[in-house]
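Below is a structure I'd like to ask you about.
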Amino acid sequence: MFTPHTETEVAEMLQVIGLSRLEDLFKLVPESCRYPKLDLPQGLTEMETRLELQFLSESNETAHDQACFLGAGAYNHYSPAAVDAIIRRGEFLTAYTPYQPEISQGTLQAIFEYQSLIALLTGMEVCNASHYDGATAIAEAAVMAYHTFRGKRSKIVISPALHPQYRETIKTYLQGYAGLSIVGDESDVDLHQHPSEMKSLIDDDTSLVIVQYPDFFGRVFELKEIIEATHAVGALIAVSVNPLSLGLLSPPGEMGADIVTGEGQSLGLPLSFGGPYLGIFATKKEYIHKVAGRLVGETVDKDGKRAYVLTLTAREQHIRRERATSNICTNQGLMALASTVYLSLLGRSGLKQVASLSYHKAHFAFDRISRISGYEVWSTAPFFNEFVIKCPKPVEDINFHLMDHGIIGGYDLGKTYPALEGHMLLACTEMTTRQEIDGLVNILTEVTHA
Amino acid sequence: MNIPKELKYEKTDEWVSVKDKMATVGISDYAQEQLSDIVYVDITLSAGDKVNKGTVIATIESVKAAADVNMPIGGTVVEVNSALSDTPELVNTDPYGAAWMVKVEMDDPQDVKSLMDSAAYEKYCADRTH
Amino acid sequence: MREPTIFELSSNGRTGVIFPEADVPLAELPEKMLRRDLPLPEISEIDVVRHFTHLSHLNYSIDENIYPLGSCTMKYNPRINEETARMPGFIFSHPMQAIETVQGNLVLMYQLQEWLKAISGFHAITLQPAAGAHGEFTGVLIIRAYHRDRNDLKRTKILIPDSAHGTNPASSSMIGMEVLTVPSDARGNVDLAALKKSCDETTAGLMLTNPNTLGLFDENIQQVIDIVHQAGGLVYGDGANLNALMGIIRPADMGIDLMHFNLHKTFSTPHGGGGPGSGPVGVSEALVDFLPEPVVGVIEEAEEDLPPLYGFIKPAKTIGRMKSFQGHFGVLVRAFTYIMMHGAAGLRNASEMAVLNANYLLARLRNTYKVPYDRICMHEFVAEGRWPDAEGIHALDIAKRLIDYNLHPPTNYFPLIVPEALMIEPTETESKQSLDAFVDIMIKIAGEAHSSPELLKNAPHHAPVKRLDEVKAARDLTLCCGRTE
């Protein structure tokens, strides 16, 4: 499959090499385990393979033909057709990392534009070429803060309203750093707290404070106070964002955040069962030498023509090896391109419109659900496109009921927050219709009587 | 290649200039040439820090390499050259002058005796280029 | 003509997409929290499409020609992969959906785990790591957790051969392991004497790339692994070079304890100009409990009429979670498609042809370019880009001159142990004609290096841009374009 040689050509090539059989190429492979029998099904043609995959695909029930109120870090937004058309172009799709800039200007300029758009969106000065996803981007922020203080500050303060899987990822990443403590997200912390209440945990041994905006429960809090308190002890603050919300909301950069990370999936990437997504990482220029990952810079060629190139590469693993602070190599290049095309298409008015539509639909749904008897509002704080509702029945039971009616229900918060047993996190996007919200409200009402 | 006679040199290509108990440290012309165009100097110490022989005092990045600068002697840091963070190219243009990195009050001025003099360092560099 | 930036194309008041008006009453906006302005570019759809199409024309890609980038396995990326990965049932599935509604995804992931086990001989697989380096990081975390679980706390050193990728030492130091470099011997193998000397009760493990980055199968592979095992360490396999071994040998059968796969190399998923990748990790039986969560498994066994129910399992002593959700599912679908089409015979054929192609190039080039470790190679080999009688010519000059002939250069200046290295990996999908054309140009350039060296030193002459001022890029750091206001 995909190997073009004829038998005659193979024989000719072996002759040039000076061997008589293909097996002669593998004599160094220990004989006792050479040529194992692999337990795999017989290879199929493209036509048969497509049918097999189609069968698996069609056995899922998804947002393709169901109303989706599930968010929790991944959202069912609309991606204009041109986004996928561009990233399918072989010139982008089948190129390697742009290490040869003379023949990679397409990828390089696109990443440069990505860096520019994200810096603008987040209100930051600089942005790297991407991390794997929102979770690994915030974990790299923690690593960066640790090294910025040369390991001398041993505390990281995390908001309990940071995505549970991001908090887990940070803890995985940092388990080799002896003496480091991560505080703030213990299970007994009051989840209603305003981020400014984390102030009491911050001291001059703190390297980084991490908050989410809008937070995992959808709430939008003013961050000025916590940012000032963090800076007062010389620590850094990182804000994990849903970048799409910044079409409407004031960006953390304007409030003084040192690092803004985020999950870029909402910027034109499909849900695709969790990946590949896009890890956004933006910061202030003064920290640029501490940033992990690739950076594209503008320069000129020998004739003085404007051009782009990977720059400050001596930070990276291929040069610094064990002295590098991150091992990242492959990143999310194609996903960064997709979000660049998406932001270019939507532009100044489009992104604001999508963010506003998501906001209004979520507020309409919130208003309707909160009026169903038995369902209670959990928080009165402002929110973006996601909100928490206390349900009269176990969330799992309600979701099974919704499933029967072609609705993908919200996230069961009790799974990760024991204190929020029976609470559901629901999200809307511009794709949510009034009819779908009506349908949801009907079923939720019906469930209380069941 | 410029190897001033009055300085002492470490195997990892740092130079030391000594006046009484005060020592000034930087990297040699040979080192800056090996690194090529230097784009970033990060001095990882501040005044008052105690340093030993071998302590990493700075990291230097060029367009193609990264290198640590090691302390050739022990002592207490008196001053660091903050100008290098904005003008790292000084290390290429004036490695023995404007691109000094730290000034240290030595614990034991006898420490410099273990370092190479200019003749020994010149031979040491020549051996590595062939 | 230089292509304007997306900001330079902007005209106030344009947009590339229109969304429907709200079908719900408008809620009050939190005025204090709103951003004042967002000056994103304003461009029509056709101009956005043209802009990125123009940019695409400035790229070299596999679709254009041979891409012999050593260590990167730039094989053909089958178009069917792009079709299957975009099937609606896959692409519209939310990562937090109830498992009962996404059995298609879970069957695919479970099956892919089983197939990777079959190919590698390992006992269990995690599909979560996002890329090769992420898989390495996962692997070293597992090694650390294994020793700590046995209360063997003094094992804090990772041994890494001097020919290894930079990600190996970087992954190790990210979790506080001390890195010891092991030299190579004169034949390009791990130096056994040096390895023995480095191994003791503080050895956590060895990170081994085999075939190594010289493209050579270690002649003493069994001894290398035995030495580390006898010292109580684990052997991590860097799967970057698995493309030489499918159906030839299973890494676990050599005694390797754990290894990552690069689905974007070996299993044909596209590199996308730098990602996304996918770096599943396979482990031996002793390490199964340490895998990151979640792993896909059977939650309820099959009954008479019902298939089994697949779901997510948290391993007993898990190192934790490596990222959000459950891996780069879209990449997994592509790799699954590739393996399904190949079967055992097809995969073995791919590896055999990859090795044949590399040896054919080696045979045709060795009289023109010095090959420092000249013996039968696997899927790649390393030549020197210099000649004693062509002073001033460097590997870089050869690389840039190849661009003039519309060929992508090999990896250069890696591995570090070969001066002026040119690392050449043709992959199995290149035809004999394509290989011959590459060889002819390589020989022609060697001639030019001697007869008209300036042609090389000033190359490329026929590319969208000439050589770039990398010093300016770093010193006058500009990472964002000017904005429209």
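Read from first to last, the chains carry the letters A, B and C; within each, the first residue is number 1.
The rule we apply is simple: a contact is a pair of C-beta atoms (placed from the backbone, for glycine too) under 8 Å apart; a residue touches a chain by one contact, two chains touch by 3 or more.
Keep in mind that this is a model prediction, so the values were computed, not measured.
S.K.: Treat touching chains as neighbours and tell me the shortest step distance from subunit A to subunit C.
M.R.: 1
S.K.: Any chance you could check whether B-C or A-B wins on number of contacting C-beta pairs?
M.R.: Pair with the higher count of C-beta contacts: A-B.
S.K.: Roughly how far is subunit A from subunit C, going centre to centre by Cα mean, in whole Å?
M.R.: That pair's centroid distance is 20 Å.
S.K.: Suppose each chain is reduced to the average of its Cα coordinates; what separation in Å results between subunit B and subunit C?
M.R.: Chain centres of subunit B and subunit C, defined by C-alpha means, are spaced 38 Å apart.
S.K.: Between subunit A and subunit B, what is the separation of their C-alpha centroids in Å?
M.R.: One centre to the other, that is 43 Å.
S.K.: Please set out, as single numbers or ranges, the residues of subunit A touching at least two other chains.
M.R.: 312, 319-320, 323
S.K.: When you check subunit B against every other chain, which residues touch at least two of them?
M.R.: 39-40, 63, in rising order.
S.K.: Hey, what residues on subunit C touch two or more of the other chains?
M.R.: 470, 474
S.K.: Can you name the residues of subunit C that touch subunit B in the complex?
M.R.: 470-471, 474-475
S.K.: With touch defined as at the start, can you tell me which subunit B residues reach subunit A in the complex?
M.R.: Residue positions touching the partner: 39-40, 42, 44, 61-66, 68.
S.K.: Write out the stretch or stretches of subunit B touching subunit C in their complex.
M.R.: Counting only subunit B, the residues touching subunit C are 37, 39-40, 63, 88-89.
S.K.: Going by the contact rule set out above, which residues of subunit A touch subunit B in the complex?
M.R.: Listed in rising order, the residues are 150, 289, 312-315, 319-320, 323.
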